[in-house]
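Two complexes follow with chain A in common, the first pairing it with chain B and the second with chain C.
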Partner chain A sequence: MKPPPFRYAAPTSVDQALALLSAFGPEAKVLAGGQSLMPLLNLRLVRPGVLVDLNRVRELDYIREDDGEVAIGAMTRQRTAERSALVRRLLPLLADALPLVGHPPIRTRGTVGGSIAHADPSAELPAVLLALDGSVVVRGPAGTRRIPAADFFVSYLTTALAPEDLLVEVRFPAHPGAGTAFMEVARRHGDYALVGAAALVRLRDGRCQGVRLAFTGVGPTPVRVAEAEAAVEGRELTPAVAAEVRKVVAARLEPDSDIHASAEYRREVAGVLAERALRRAADRAREVG
Partner chain B sequence: MATRYFGAPIPRLEDPRLLTGRGTYVDDITLPGMLHAAVLRSPHAHARIRRVDVSRARQAPGVVAVFTHADLPPALAGPLPKLIPHPALVHHKTQYALAADKVRHVGEPVAFVVADSRYRAEDAAELIEVDYEPLPPVVDLEAAVRPDAPLVHEDIGTNVCAHYTQRVGNVEEAFARAPVVVRERFVIDRGTAAPLETRGVVAQWDPRMRQLVVWDSTQAPIPIRNGLARLLGLSQAQVRVVAPDIGGGFGPKIMMFYPEEVLVPCAAMQLGRPVKWIEDRRECFVAMNQEREQIHDAAIATDRDGRILGVRTEFLYDAGAYIPYGLIVPIVASTTLPGPYKIPAYHCEFRAVFTTKTIVSPYRGAGRPHGVFVMERLLDRVADQLGLDRAEVRRRNFIQPHEFPYDVGLIYQDNAPLVYDSGNYPATLDKALQMIGYDRWPEEKARYRRQGRYVGLGVACYVEGSGIGPYEGCRVTVEPSGKVYAATSVGTQGQGHFTSFAQIIADVLSVPVEDVVVTTGDSGAFGWGTGTFASRAAVVAGTAAHLAAQAVREKALKVAATRLEARVEDLVLEGGRVYVRGAPARSLTLGEIAVLANPLRGTIPEEWEQPGLEASRYFAPPRGTFPNGVHAALVEVDPETGLARFLRYVVVHDCGRVINPKILDGQIRGGVAQGIGGVFYEKLVYDSGGQLLTQTFMDYLLPTAMEIPEVEVAHLETPSPLNPLGIKGAGEAGVIPVPALFAQAVEDALSEFGVKINEMPLSPSRLRDLIRAAGPRSSP
Partner chain C sequence: MAGGAAREARNRGRARAPAGPGVSVSPVSRQEVAVRINGTVYRDEVDVRTTLADFIRGCAGLTGTHLGCEHGVCGACTVLLDGEPVRSCLMLAVQADGAEITTVESLGTPERLHPLQEAFRDHHGLQCGFCTPGFLMTALAFLREHPHPTEAQIREAIAGNLCRCTGYQGIVEAIADAARRMHGDG
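The block that comes next holds the complex of A and B.
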């Protein structure tokens, strides 16, 4: 479990990093917190020619409010975001999800941008970004562009990033006052969940509005289930409505089986978690409202 | 004899060293000029090797040597030694140092690369070209015994290497007349011990001393030394094997030999430079022995009151690709099954089966969890069928306290009759039931249900074979400083031997326990012994330490008697000093006596036997001693997600006299944690091609502190009559009944669904399968 030989570069600015990525193209691999990349290197499952280590790029470490969104620099540690009062106030769904990411030592190294760029469909942060219709800011040879979450996550560990691109910022739409919940079934505390469900809901006169439901672990990317959101939108979350959500979710999802859980299990449990997460989100909305 | 230390929960003497990072593990051994080895392993479960080309690897940067089977000296070219033969083991196939013409499991070593760094050794290993002809894998245990199965070892014409039956009484008659008969199939799958420290070997050949020193993360340094001497053509005195601090063994760190245990010393001698190989975690998953896979077809016959008339089991034991360790695991499973119960007729029969999977050898429990799972599940079914209380069914069948020694009628793993030495099974159960609140359980369960919670209670009983022979020894020396040095060859993998052996010795010699320095696992310090396994170190080596300390005490009194001009009978040893009873003013310290016992002039009297204040003693028990226990727990299940968690866990354990309750509780709690891992988290998954799909800790899930409940431990102390200290072993007690207990508790929690659990381990997904399969009641 030693990595094969690779060259190592440690740029101190985004411009330097971009120059390296342009120079080496697909041969280069970006190292952020290393919580996924280092094991892959040691298992010789990835063999980059050059490792571009972003840990000295200070300009990518920030959290700020910007135009109804919270912009988080790609190299912001997950633990920093978890402890941010701004995140707690404006991004309650992200605040719910962060404590579920691994364990504190992992979050102390792991970055927000790294988790999004790695695009593990079982990870929490991509599902949060998708649920919120957030976006990422990417810099590449052609300049800076924004990619909506729905277009960013392409498949298992695959994103819309080109080899020369650098994800520099993650933008989460602010949702203060919304009821949120992130619930998951993990084999152990801190594991990638077998299934996870993110729910966001606002209540007006007891009726659900702006309902969002996103799932982890049920497909090659994080998944939204529009029909399930529609099933609740504008309605009270009665037991009958909740049961319908559960049914719709189970019917719409097409997860795979793996050594940890069958497809059938994931479908069922996604439904169960959808119902539970919605209930908790609605309870929270009631408390906040 | 004063027992100031025996029985006292003193803190472990080794902890300050280990907890502050000052331990010495194999990977901490760094020698000048040391080379590093990497092993090229088979990616196939089953394949013929047509050609191995190492030419590119030999030229890679930093590479010093590359070994294939063709490069091995003749002594290492054949199959490695047969460890524990058995008459029923008719095809005793053992592993090779490097695969000769065939590989039989993923991870089997094919080539051995030595380079100036581990990185470069691994880089070079990738350059070796092996031309494999894939052969059909043999993965499924039941398929492996069919006549048309592909053969793991073609020359024997079968995959069944042993077929062994033991019987007590007339089983057919018992079943024929029994009003109640229950038959079930039970399946237990594979797991790995996953020690914190993986295996590792460092070897150094000293051409001036003509000595080979090997640091090996092994549980059995003396047999390793003896075997290495023989294989490498050296005398035993020329080989020193040191098992330094070891980060967990749990059984798999004895095989004799793992290929690396001969390859590293052989390379060090050939190259004239020290060589280090440290198993990485991925190697540990495929190359360290595994355990647990068995399929039992079992049945129980009882009368209408639930009294056992007969039990039978026929089972398949997955040996993996080779069977160096013989039939220990299936024999232990067969002979642990009867447990604390009187079984007038018993038939146990197993077939040991080769598959193209990693080798199986004992892992903490070593068949005991299987036997207990089968027996306890059968009793649960009897209770269900007869509408009896599950504790009552057990109570009705217990061997009673006055019935010891109790001859079960079987032959145990040590080839001696299975005779329980002592125990109080009803008292153990009563205590556990009281601690878990069994009497109030129906009301408690109903209370949980009213809260919408599904909570079940489990209770399981077991008897654990421990403390078997053949022997261990210990040498105790008092130096002129007054410090006491003790050496035994059993290795220590975290069991606290540095403390518990010191407690035993300190009491006999009446010295502070801190003044007793214990050395373990170094053939240079003590050269006779077998190893740490079968929960035997405390019983066998601990008793040897006691006997050696007693001999030193007697010697001290003899020597002091001469100087004090008194009779031995009139002397007192107290506080490390010897004096004439009633006259403590004139005394000799043990240190002073040590000087007297080793004079520079004059002579030593014949009755002193040898110079110095030193004695070696051996303890060779005729047979094992049998602790017992009852575990009880509350388990909550979420039927919608299949998640389960322990709310409470109670252990009542009787291992005779307790040397150190703190160490004992640690053993029990660690075992319970490992047991909980084995029932709900850990599972080695092989695909149909024989590939191990769980090769990292991302996929093989060890429980963490978050998953393990507080374990409440209580002890009964029924002394063993088989040794002077009255002690029994405790190494495996925590792990043994967990599968039986968990199955019962989950069934109880889900009683309204009618879920039946006949397999281990479970997972949330599998538990949902069982709930779904239980039928229409399954939608909560």
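The block that comes next holds the complex of A and C.
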């Protein structure tokens, strides 16, 4: 048997899940889609005492429009979100990124909330949440609270969640009128990104406004590069401006080297992806504007 | 196979009694599961850490589903869960309680192969055959959604399956041909 021994509980409501997390604290581990946790279990890199499986908690499976945002229940499958007309209409950036998350059999099980809570530094969805200035809804012993993406991702696989907390909802603001694009470079389609870039831009009289650039795979958390955003803000996306963005991104990011790519390569690719994503986002802004 | 056959269930519904609201659920180490695989319900009491793949192979005796990497990379263990492709090594058997699983054994028989299997044979889509069940189940789900795929779509669809001997050219051609056999040229 591959996974180490653990005890298993399958609550059918959020209240039951919270009671289990309170009772077992750090000994408990939440199992969502399992596409990251199950490999860790099979490789025996984690040894939780109690596995709290959310897959029978039906109330966490939904996608709805709410107050200018799209609220996605934590246990909504990535495949469900990918097929959602609401996501395609209101969250084209998420629709861009979802097909790049693993492979179809991974997305059948993988969940939106699980991907955010796992906080893999090379994952796509955390960067999308950050680029859109989204937030997560967390329930814990002290009640319900909302945490903005910028405060949620703390470090490698580390978030602001406490052991007794449960991420119940992910909220992506819609940004009407903006154009967006997500691009990445990976060894094969579906692999974790070596680098990924998310861009969001509005156009007014051909000038860029409200520019956001977020990256994945270039540090312990997804990051925005404020200097690169400022380099485009209020300007037309001319070749000279695009080149400056590329330069600023490459200069500001501090990725690590690993067996997949060197830091220099990641910086270079991040700059190129930023430019391309920004161009595509601007094209789309022209279409919607 | 005898053990698996002996354990074959009398057709029976879900083993799980739903817990009432507010009722605390206590963690267990073993649990009874009932999984319908290719139309037959298999019931067994398992260690909760038993993967669905091990349940399919060990408890149901259906060894057509192969285990390669056991961490979700190779795709050899791909089966259909309620019609959708999943890695059976990345699910627990207890999670499949009450679910419907489709494995490679459901496809065809040696005398009467499924068109997808025929196409793999005709296009040399396999050599050692270890990865083949995963490719077949992945392709089966893919062709349902994309009855007339392009080559690029096929390559993307099988990006999550590894073959270490044949290479992918024959497999891509087999899936394209299977689409024609199953859905016409359209």
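FYI, the second predicted complex is superposed on the first by the 286 of 289 C-alpha atoms of A that agree within 3 Å, B and C clash if a C-alpha of one lies under 4 Å from a C-alpha of the other, contacts with A are read in each partner's own complex, and residues count from 1 in each chain.
We take it that a contact is a pair of C-beta atoms (placed from the backbone, for glycine too) under 8 Å apart; a residue touches a chain by one contact, two chains touch by 3 or more.
Model, not experiment: these values are computed from the prediction.
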{"item": "Partner touching more residues of chain A, whether chain B or chain C", "value": "C"}
{"item": "First, second, both or neither for A:238, with chain B first and chain C second", "value": "neither"}
{"item": "Contacts of A:155 with chain B and chain C, given as first, second, both or neither", "value": "neither"}
{"item": "Which superposed partner A:38 touches (first chain B, second chain C, both, neither)", "value": "second"}
{"item": "First (chain B), second (chain C), both or neither touched by A:11", "value": "second"}
{"item": "Touching partner for A:1 - first (chain B), second (chain C), both, neither", "value": "both"}
{"item": "Touching partner for A:22 - first (chain B), second (chain C), both, neither", "value": "neither"}
{"item": "Touched partner set for A:189, first chain B, second chain C, both or neither", "value": "both"}
{"item": "Which of chain B and chain C A:265 touches, first, second, both or neither", "value": "first"}
{"item": "Overlap of the chain B and chain C footprints on chain A, listed as residue numbers", "value": "1-5, 39, 43, 188-190"}
{"item": "In the complex, chain C residues that touch chain A", "value": "18-19, 21-29, 31, 47-51, 54, 70-72, 75, 78, 81, 84-87, 89-92, 94-95, 138, 141-142, 155-157, 159-160"}
{"item": "Chain A partner contacts - residues on chain B that touch it in the complex", "value": "118-119, 122-123, 126, 280-282, 640-643, 681, 685, 693-694, 696, 698-699, 701, 703-704, 706-707, 763-765, 768-769"}
{"item": "In the complex, chain A residues that touch chain B", "value": "1-5, 39, 43-44, 185, 187-192, 194, 259-262, 264-265, 268-269, 272-273"}
{"item": "List of chain A residues in touch with chain C within their complex", "value": "1-13, 15-16, 19-20, 23-24, 34-35, 38-39, 41-43, 50-51, 53, 55, 79, 102-106, 108-109, 188-190"}
